[in-house]
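Below are the structure tokens for one structure; questions will follow.
Each chain carries a letter (A, B and C) given by its place in the written order, and its residues are counted from 1.
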Amino acid sequence: MDNNNYMLQKSEAICIFLIIMANKLILNVPYYIISLVGTGAIVNVIYIGLLDFVFVFVLIKLFDKFQNSDIIDISEYLGGKPLKWIIGIIFIAVFFIVAFITLVDFTNILQRIYFSDFPIIYILLFFIAAISIANLSGLRAISRTTSFIVVLTLISIIVTLFGIWGDVTIENFTPILGHNLRTTFLVGASNCFSMYFITYIYFIKPVLKDPVGFKKVVLTSYGLSWLLLLLTIIPIMTLFNIDVSNEPINALYLIARKIELGNFLQRVDALFIFLWILSIFAYLSIVIYFINRTMKKLINVSNEKMLTFSNCSILLGLALIPINISHLRFIENTFYRYMILIIIFGLGMLIMLLANVKFKWKGKKKA
Amino acid sequence: MKKTLCLMLIVTVGLFSLTGCQTAMGIDKFYYIIALGIDFSENHLLKVSIQTTDNGSGESNGSSGSGSSQSSNYKIYSVEAETIDSAITILNNYLSKKVNLSHCSALVFSEEVARSGISPYISALNNNTELRHSCEFLISSGSATDVLDMVSKSGESFTSRLFDYLTTSSDYTGYSIISTFGTFFSSLQNSYRQPCAVYTEVKDDIIQNSGIAVFRDDTMIGTLNVLDSISHLMVTNALNTCQISIDSPFKENEKADLQLRLYKNTDISFDMINHAPYITLDLYPEGTIISSGESFDYTDNNHIKKMEQATNDYIENIMKQYLYRITKEYQSDIAGFSGKYSSEFLTKDEFDNTHFQELFRESFFEVHVHTQINSSNLFNKQ
Amino acid sequence: MIKEFFHKIFSYTDSEKYEFILSNTNNNIPKEEYEKKDTTTVYPTLSVNLEYIKTKYNLLINTDIKTREFVLPIKSKNFSACLLYIDGMVSENAINEFILQPLLLRNSITMQENSNTTAITKNISVKRVRKFNLEDFIYNSLIPQNSITKETRFSQIVSNVNSGFCALIVDTLPVVFCIETKGFKGRSVTEPITESVIKGSHEGFVENIRTNTSMIRKIINNEKLIIEEVSVGKISQTKVAICYMKDITNDDLVAEAKYRINHLDIDFLLSSGQLEQFIKDNANMAFPQMISTERPDRTCHYLLSGRVAVLVNGSPFSIILPAVLIDLLTSAEDANLNYHYANFLRFIRALALFFALTLPGMYIAITTYHHELIPSELLSAIITAREAIPFPIIFEILIMELSFELIQEASIRVSSSFSTTVGIIGALILGEAAVSANIVSPILIIIVAFTGISGFAITDNTLRFAIRMFRFMYIVLGYAAGFLGITLGFYIHFLLLANTSSFGVPYFAPYIPFSNITENNNFHMKPVWKRERRSQFLNTKKPEMENSISMKWRKNGQ
């Protein structure tokens, strides 16, 4: 089997989904959930878990008819080349924006905490180097490395939970329904964006070794991701009082700072940062891999690896755009939230629905 | 592979030569401070004092660890400035090494500063990436510099440990609380709870805890004494163990000493009566008799009952005193009653409608104490 | 020129990668076949017997099993006969002098025309015709050996031959003579130098390939062990033996190993280390992709668990393939120890690997960027220790690591009479004096010593070299960007290793890709009675290693 056409095993696909989710949690996504719905976050997370579950379930059903095809193939089936290009470019843009947010946000944190004397490009280059080498090594290396890193990341998240366990008091979680029912359930529904890994469901099917296991993969990783979200919400709610909006640069980092392992090992946050850098590396590699893959479909190159350098350079260029942190916050919290909602939940679903209608219609015609 | 190596080489050489990372600050270039003290100076500026290990004059390398002349190894520098950060900049200039707060183990504020509103200093420090959240947070009755000075002279080889003892002693005395910068900051931010901190006094060359400094919002408004501190720990379920002496119920002018801990968390229930909170507390202390005078017989049930009753009365008394102080005198909800009350509501809006936080000063209390005397120490009869 | 250079570096070229993946298809041999007992008895015809033995021993590919066919002249009759033995396990002298010589030389007894006793009574010669018995004749008169048995069952014969007997098969006889001819030649077997154990065999391979194969045979004692021999090198024609268990090892794996060894177009091959580099999957990867051991017992353990061993004539090391990362952390001793100790030792070795690789890098990262991680008291100790040191930490650490490497290299290269001197110079001059001269701080000496000790705790030699080399990379990365740099190093390391496979087996197997971990021999050793299965990633023909109730004696009472 050629390395270029490496197919993911079920466990590897689940790991990829999990690392995507874990990265959203390391960055500020849980905090954005909390800042919107207050102490109702736990109820809200359960609620959006149900909403997203319905969505994911419908999505799996819609994919049933299309073996070995992702959203790009399906849009080609639906609307020919023009639609394929439109959808392809939209998704590539989404991937780039997401990668950009992750990279800029995280490098900013790193710069502020440890490398205040260094220019930002210095830190960025480390990331770009990691991503390009990963993508040159191919999907097999990425997926296998990811499945190792995801374990470490999950451990780090669980340790933060245990580290803060002593401070957990009931008053941080009550009133259980948050400000009022409207914010928790109506406005809070937009928190659906936090299950961001759904984007990759549109793309994962052709990469799976065993497309029949698609449903199992998606549902398992959905369950695990949701659990993970719940687990991260708890420590963040414990540490940050919801009323006062002192927005942290990174909520999970501030929690990690609080963790002490006895009197000897204090300030273990550097170790957590170490694990999180690994997971950001893995995550960005995956994003660039999917960008490469999507581009490959659009422009018909023989091997997606040859797009690595150009795409990494684009990412580096984007990350070098001087951006104010408040703008970044806006992009991260508001723009990103609605982008995911509209494109992933709206557009993607629409394409899938129409394609299914076409499929049925064609079938009838034949009959 | 060759390509990868080549690429790495280019990147490494480029990074080293172009970005100036070789000027990275190693541990040699920092001045690690052990404690930070904040006072007002006579010119109404901020007087920031730092305590550091004096590494520069450590001539006796090789045979260290004698410990006799350790106290001279600490130095205190004080500067006056508008803000803490500018004070640190002045210190950087003065010491020609960069002051680093990452190993700061104590923050000492003088009462004067605390009474004028502590919030600007706290938020400046909280924004500092170096400062640990676990760093001890103390309010000193006199000047903070005196506290640092006293600690330096204490002869402790690591003064950071002494600061640690200052607050952790409440684990076995119950005479104060464990207050770190992190807990103080989070209760300052918390609208359900008012902040409080350890209150220390320097008396006759000795630093000691003498209760709790009570804050309303960010301003210190008073202190609680050590007995109030025990009550505070009981209400917040933070009591590890403490010792009280009560009047012996068996013989006049005799005292009985008990060691107390809580065997069950304190129950607090709320009621609104005539727009005033009516709060019922149920405390469950468990005691061991350390000394009881002559006439106590642990095997006698009546004696135990009497002793329990006496303990109940005593605790109820100090508890009421404490509650009176925080509600009527200081009007500061340091025990977090509103947080507890809020958990009885489903949504925050409902809770806000009760205006509990404003009505807190009107609240009245009922205290039930259910002491259990478990054992005397070594002898059943004395 | 410059353009070309950049083009070379930044352009993408499709690398032509040779990919072999060990198939996952089910090729198990049914269990009954193993349990079937061979009850065949010896046939009276030699050719049939030979045919049977040929298939049994796979004589076409097995090279150290020898048959010597000859004609046995007895009483003017010629019987064809055959000797069967394993080269290397028998003493050639014994066969030549005490078997072949009496059988072949036409001596008085064999030449006697029908050994009839003729009694002459009263001029009438009465011929007492005793019935001539060839079997007894050979047994009684022809073979001057003390230990000789007559066997009729092939299973018994094979097991005798496997343990160094020589089998004599004679046409027309339904019986085979098993004659003891055990004997070895070559340099005497000595204790392995690089892999010493406390509780275990003290035998090591020697240079002679025949001796080595016989050592393996002696331990495994089964005819299913195949030792194939090929010659590698156009000039040197070095003998290379490929050993595997016919009914256990995956056929694809054997085929791949043979394919690679047979397709080497080289002039000479002198050692197994050289061969190892020639047949590696990923030639540029510094980590070892095969186990190299000089212990016959370890080799046999791997053979029996379904791997292939390659021996090279002139080299006292066998190469075991495939190897995964966790194999490099196991020692020959592990299997002999109680599983509690074995697991503890493995954990220690894994820690040693981590420290040997990253500790100096971590130290420099922490002292340069992450000082808040050091406990306050330790920090002040470090600062006090460093007060009089004029160099930055990076320089200090590079000096010490370099001198440590020098000492290590010098003490290996120098003859053993000098090595104490090297030790003294190293320990005293570089350690003690450097500290008192204020060139390095004592803390750093501790770090370097700890790293060095950790390096020595790694069992695999090749891995140790790789670790020593990469340690410097981590020092540079740690200096460049603290934990960010070290993380980058880890990540790249991981990517490269994840892409590596050893003869089609992923390097991180059985953990990554995750494949039914319980069915594998993991890093964590199970108790000896629970090692029921061979590693799944080897995809052997016989997955079960022991019965689910291996300790049957426990069940006897019920």
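Throughout what follows, a residue touches a chain if its C-beta (ideal position, glycine included) is under 8 Å from a C-beta of that chain, and two chains touch if they have at least 3 such contacts.
The structure presented is a predicted model; accordingly, all values stated were derived computationally and were not measured.
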{"item": "Chain pair with the most C-beta contacts", "value": "A-C"}
{"item": "By mean Cα position, the chain sitting nearest the middle", "value": "A"}
{"item": "Remotest chain, chain A as reference, centres from CA atoms", "value": "C"}
{"item": "Whole-Å gap between the CA centroids of chain A and chain B", "value": "40"}
{"item": "Length of the line joining the C-alpha centres of chain A and chain C, rounded to whole Å", "value": "46"}
{"item": "Inter-centroid spacing, chain C versus chain B (mean Cα positions, whole Å)", "value": "64"}
{"item": "Multi-partner residues of chain B (each touching 2 or more other chains)", "value": "7, 15, 21, 24-25, 102, 132"}
{"item": "Where chain C touches two or more other chains, by residue", "value": "10, 369, 372, 481"}
{"item": "For chain A, residues that touch 2 or more chains besides their own", "value": "122, 129, 133, 136, 263, 266-267"}
{"item": "Of chain B, residues touching chain C in the complex", "value": "1, 3, 6-7, 10, 12, 15-16, 21, 24-28, 30, 32, 34, 53, 55, 58, 61, 64, 100, 102-103, 105, 130, 132, 158, 160"}
{"item": "Touch list for chain B against partner chain A, complex", "value": "4, 7-8, 11, 15, 19-21, 23-25, 102, 129, 132-134, 164, 182, 186, 189-193, 336, 339-340, 342-351"}
{"item": "Interfacial residue positions of chain C with respect to chain A in the complex", "value": "10, 12, 14, 17, 19, 21, 366, 369-370, 372-373, 375, 481-488, 490-492, 494-496, 498-499, 506, 508, 511-515"}
{"item": "Complex contacts: residues of chain A adjacent to chain B", "value": "38-40, 112-113, 117-119, 121-122, 125, 129, 133, 136, 169-171, 173-181, 184, 239-241, 243-244, 246, 257-258, 260, 263, 266-267"}
{"item": "Chain A residues touching chain C - in the complex, by the definition given at the top", "value": "1-3, 9, 11-12, 110, 114-115, 122-123, 126, 129-130, 133-134, 136-138, 140-145, 147-149, 263-268, 270-271, 273-274, 277-278, 281-282, 302-303, 305-306, 308-309"}
